[in-house]
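What follows is a set of structures for review.
First subunit A sits with subunit B, and in the next complex the same chain sits with subunit C.
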Partner chain A sequence: MATYTLISSNVLASSAASVTFSAIPATYTDLVIRASIRNTSTTSITRIRLNGITSGYSARSLTGDGATASSQTQSTAYLYSGELNTSSTTANTFTSMEFYLPNYLSTVNKPISTIASTENNATTAYTVAVAGLSTITSAITSIEVYVGANAFDVGSSFYLYGISNA
Partner chain B sequence: MPTKVIVDCSTGETTEVELTAEEIKDMEAAQKAAEIERKAQEVIAAAKATAKAALLEKLGINAEEAALLLS
Partner chain C sequence: MLQDLALTQPSPFTESKDNMATTYEKIATTTLSSAAASIDFTSIGSGYTDLRVVLVGTTSNNGNVMRMRFNSDSSSLYSWTELYGTGSAAGSAGGTNSASINISDSAAVGTSSTIPHFFSIDLFSYAGSTFKSCLITASEDNNGTGAVYRAIGLYRSTSAITAVNLFAATGNLNAGTTATLYGIKAA
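Right, the complex of A and B next:
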């Protein structure tokens, strides 16, 4: 039976462009980040980098916005991790995002999945599912969650869990 | 000045660090590139949808009937 253990968390008291969990202990099987996030501006993309590395990420994503569905392919210096609430969305609403990294201590490429749902009391809101891959072949010791421009808003929260399979 | 937050999982200590001018420049450039790529993907998807709808109309069938033909 899998068990979740909270490793660290952070709730932003002031806006910040990124949140990095460093010195992640090598004592679990998988890692999960659950986050509630909102951008201070109209920028709507969340990104993740592992071990500070800026290459070797690819992803396929499926996006629904309430009217249409589309799929995209990304190959970038970061892992695309879905849309997030912007300043254009309903006040005080946040995106729920879950990032799952199995077998983070392995020495082979790492599959990654993310699902993010924006919240907006209006017509358009996004749900994005991302199937990603990192070519990093060392154990993951740090995870950075960030936005490309501006910052995560006050009240955004980030929780890092370790999963043990026993 | 934008900041970044670093949470040290071994100590539980959280530090807030100001971004350098270079980090700000890099992040803004990457964001612009990502948005351009995303818009391009949306244009491609819309063009495909339009072409598909035109073909279905030409054939005189709907999407469900086309799916049945291909099953």
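Right, the complex of A and C next:
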């Protein structure tokens, strides 16, 4: 079995408020989502839910905006996954985001690591690192990536990879 | 827990089914069946360009610091610079002329004895003859407290890295802690 395998991908031909990877096979050790994403409107963040569950998350973020660094405690209703390029940022710039979920089949709390950057050759851009936790104690079989408001723009891409240590 | 890789080192010419060179390979993995002071990957061959270590686990006491050495070398050849966030404040710290590299925060909450934390270390040009640098990521959320951590570490040795040693500053790594060593090839 290959170590690092593409499970599924989705490149948006029309805008969409969410992208869901479902029926994720139980044949890997870790999961990774790599996404290039942009919002259709002026403000938004990227959020993630596991198995459709809307509670039981925890996260600390570390944000740099080009001038200062700060840290925030995030919502328990979803996994905060960073800021998002919007229609008010430079045209044709997309947020690069990586979401890493180790031991997704485990029956204990699951730590999560995310990094995202909205670099757009402007005074303000955000680089955000997130330490997340899911208290879901069953295997993860679906991951929904969605926006806090509006939609992911055309051309946004989402790739789900499985990493195996078998 | 020590895992000798001398007999498991793949050929650098290993190819996948589609005849393309494999660029990301598992070298070894260890899951502790009982508490141990460290996880050690030894006899790492030079057939890759970079190494990646992924560690998920807990420690015997809360608020501990996870650390890393190379080649079992405890001389003062290590340094690191860290950037962290606690959920309310951002900070930076580090160490010089140290006997190891911190791979988790030392100023915020540290490790947990019950909630698994995630650590990854990308070790670049590990077989080269220049000093070795690494990029460290840690997710240490404890469901109400915690920290996000990023750091750059340096090992001022010109020797190839043949061993990676992962351990807690005090106490043990708990049973169930898992570490995997991956090799990444540029060619």
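We take it that the second predicted complex is superposed on the first by the 162 of 166 C-alpha atoms of A that agree within 3 Å, B and C clash if a C-alpha of one lies under 4 Å from a C-alpha of the other, contacts with A are read in each partner's own complex, and residues count from 1 in each chain.
Operating definition for what follows: contacts are C-beta pairs under 8 Å (C-beta built on N, C-alpha and C of every residue); 3 or more make two chains touch, one makes a residue touch a chain.
Keep in mind the model is a prediction, meaning the values are calculated, not measured.
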**OP:** Return fit or clash for subunit B versus subunit C, each positioned on subunit A through the superposition.
**Re:** fit
**OP:** Check whether A:112 is in contact with subunit B, with subunit C, with both or with neither, and answer first, second, both or neither.
**Re:** second
**OP:** Could you say whether A:123 touches subunit B, subunit C, both of them, or neither, answering first, second, both or neither?
**Re:** neither
Original post:
Of the partners subunit B and subunit C, which touch A:72 in the superposed model: first, second, both, neither?
Top reply: both
Original post:
What is the C-alpha-centre angle with subunit A at the apex and subunit B, subunit C at the ends, nearest 10 degrees?
Top reply: 100
Original post:
Once both structures are aligned on chain A, how many angstrom separate the closest C-alpha atoms of subunit B and subunit C?
Top reply: 7
**OP:** Using the superposition described at the top, list the residues of subunit A that contact subunit B and also contact subunit C.
**Re:** 70-73
**OP:** Give every residue of subunit A touching subunit B within the complex, in rising order.
**Re:** 7-10, 12, 14-25, 43, 45, 47, 70-74, 76-78, 80, 146-151, 158, 160
Original post:
In the complex formed with subunit C, which residues of subunit A make contact?
Top reply: 2-4, 29-30, 58-63, 69-73, 100, 102-103, 106, 108-113, 115, 129-133, 135, 164-166
Original post:
In the complex formed with subunit A, which residues of subunit B make contact?
Top reply: 2-12, 14, 16, 19, 27-28, 30-32, 34-35, 37-38, 41-42, 45
**OP:** Spell out the part of subunit C that touches subunit A in their complex, as residue ranges.
**Re:** 16, 22, 24-26, 29, 54, 56, 83-90, 115-118, 120, 137-144, 146-150, 176, 178, 180, 182
